[in-house]
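Report on the structure given below.
By written order: A, B, C and D. Residues from 1 in each chain.
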């Protein structure tokens, strides 16, 4: 990857890429904080969480409408109605929306109505989907597959960029290892490596990586200290009743406190939050 | 998975599933041998290989038309023209055709013209694709993702079966580990485990697992000895000139010799080849 | 490793090494079967098992006297008294004894009284121990560490051989991966690779690799089909009451039946059992 | 581990353990910085490095005298003469010495002359060695094995503590995964997990984890932000000429600059450096 002419490579684009989404900016000296209940459950829930994370300084709202689940019998998200609820939350808070696309069937709607399209770990090598996204002008949040190498993640980003869309944000979210205490093993080395090899912004998802809410705080701080451009984390006003992934969600109160710590570390790194 | 009511589980279907494809049978006491050049390159090449593996006893022909590749700049297969060449090879040899589907865009054509649809490792958790295949009546060869657990493979099969299509063949093709000598680590324990947990046929792909042609022979024999219902292997008449994966392909001569060994082991297992 | 001058390499010693232990021979065209209760529990137990496996055709008896255990509070073997019991079992059956050495403190006694010294996975890179063994004339059964690469296993054997002792038997016993169904993932590709890179005999331990008694049969058969020089397996006359690892032990009855299958596969490979 | 009575567990000892080494303190609100050339090469080299890291604020000096190496033919350290050189460097700088013990043969000398005994990753499960160390009163720096789970690391510490020696410092130094860009994958989640499950101090070794000098800075900062009690890192005055591991060593200049960043993060965490 070093010394090569791929469009994701820093050699082809020495300056950091900065991606504008509405009034927000991702990359450069800005720290992006994407707060999210794992899945959108109701208008009350999503608006409530959105309002509280906005007050604490979140810059984006993520919410799952379509949820890829290992079992066909697990809750798979509210689907299209969730998109409507996310739009209501955006209207009330001004937070732009990130949500996951699993199928080309919804692409047009996502382009029209959502702000950032997330491609989940399971679809990181769904090349027909990546190519199609490369023909749009929409910012894409591309998550690393649970067993993808750093180079494979970059080559998947290349699938998007090679078709013309340069607005790709990379996301480290844990890799599969033998260690069982955490759901996956967050690979923070990936952050400085991706920043060295590529010009794209890199954010970190400690919630999905660890699966444990009490690891979100130390790992978020570590991510910013390692040079990440942002963090995406699960926040839920009632984690024990969350329809999925409650165990990895922090409360709005903890989120507020964490934002202060992250701001202090961001300042050391000469970044703004 | 044990003691559960999933449709893939042996509890829900104690007898082995047997899948009929034309005059061929997969599962039960039959050993299935799928021979394949990694990608279809020309009429001469595919017909040539098909004729020679047919003589040695292969029961299916696989050939890549659409190839998922890590880099967008690598050779991605001949695409639709390859489907025509596969049909010619089938007509000349009678061997039914297995080929990989990556996108719903080609589903109708695959249903009409191909015999078994392969879902590759990268798409094992492409749930919208799996569900759509579940609404067809086509045999599906479902490959294990390189970092999928055995349970996740079975749950992906459940995505297909839960929609109505019970013709699923599972394929172990190596998992990603720290060992670097082989491309992936073939997990032969998965064979008896899958056979115990599920009623579906299980085949093994030693070529993609190891990436080394000289491992295909010992690993194929081991697969049959471990109880696999078949083997899928790369055969190329000119491995050093293959457009991809030549290093893992055996020659038709070696294939012929290997078939004799496999037959001997199959007999010990009271199976026919 | 290929093309190098290490003493373990086949380049330095093109013919298979054959290791003589009393009247027994390991390597070449002989299949070695080492049967073992995980730990020696009593005279009755070890003699009983030894007599029954001898009848079925086992060629060595293994029994744990000193057991390395993850917790300091787990049963750690009977220690020295177990060595006496193993000697009684040897006297009654003629089976030579394999047992694990963990500390140089017992080296002299092991050299005098035992037939093969096993070095367990946890000590594969205990270099001072390996070097000391290299200065003896005793056959060493060297197990692969749970996360050792094939090359690292060979380099550990080199530590022994470089000091003068060429009687090293390599043992594949599973590597640590993300898959949770089995305790470790048996890497059968290691068998033909080790045989290609090195002249040393290679045996396989499906019991410790899988941790599940019902996988011992298919994996033993697969090991022989893949070219292994032997198998080491746990046999216990009362698995449910075994002091450790009962879940991975087969009964003498199952062992007897399995020996017949292994013999059939050995014959195909032109080997004797 | 939670809710258990092991001596390593926080349940058995709710307050952080603080370990005194001469005038230095490890744990509590102190950040420990252990600087080290991978191996001791000459008096000039070790004194030179010791003096410069002392000026920048390092609190300990580590230097390899006995080096465990995968190949028996690689440079294995200067051995006993290196211990003398380390003592000279200590005399000139006042920095206490950390060095690795591989064999009980040198235990008495290490107890008399060294300040902290390091047990390397390869010996994390060398139980006879751990038990013997448990009968001393010496601080032990216990490194996590490259494929040890967090629980296994804690149980290895238990081997030491159960014999009476409570002065154990845990060290996360990377685990073996499929990712090839770094030598190992630093598992920073282990830091807050170990701090939650146990009362022992936890330090991080980014140099051996990554194998790349330019990752030492971001990973050290991340380690402190994640709550580590210290960092151990390779520093070499002439990395390109280092006898081993030069690629992972930073220069004294970079070390000095890094210390300033670590101090800033330590302050946010209310810790002293």
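Convention: a contact is a pair of C-beta atoms (placed from the backbone, for glycine too) under 8 Å apart; a residue touches a chain by one contact, two chains touch by 3 or more.
Chain identities (UniProt): A, B, C, D = 3-deoxy-7-phosphoheptulonate synthase.
Fair warning: this is a prediction, and the values are worked out from it, not measured in the lab.
Asker: Is the C-beta contact count larger for B-D or for B-C?
Answerer: By the number of C-beta pairs in contact, the winner is B-C.
Asker: If we define chain centres by averaging CA atoms, which chain lands farthest from subunit D? Would you check?
Answerer: Farthest from subunit D by mean C-alpha position: B.
Asker: Whole-Å distance, subunit B centre to subunit C centre, using C-alpha means?
Answerer: 34
Asker: Cα centroid separation between subunit B and subunit D, in whole Å?
Answerer: Going by mean C-alpha positions, subunit B sits 48 Å from subunit D.
Asker: Of all the residues in subunit C, which ones touch at least 2 other chains?
Answerer: 147, 151, 176-178, 180
Asker: Considering the complex alone, what residue numbers of subunit C touch subunit B?
Answerer: Residues of subunit C touching subunit B: 147, 149-151, 175, 177-182, 185-193, 196, 209-210, 214-215, 218-219, 221-227, 261, 264-265, 268.
Asker: Looking at the complex, which residues from subunit C come into contact with subunit A?
Answerer: 147, 176-178, 180
Asker: In their shared complex, at which residues does subunit B touch subunit A?
Answerer: 68-73, 102-105, 122-123, 125-128, 131, 145-147, 151-152, 155, 158-159, 162, 176
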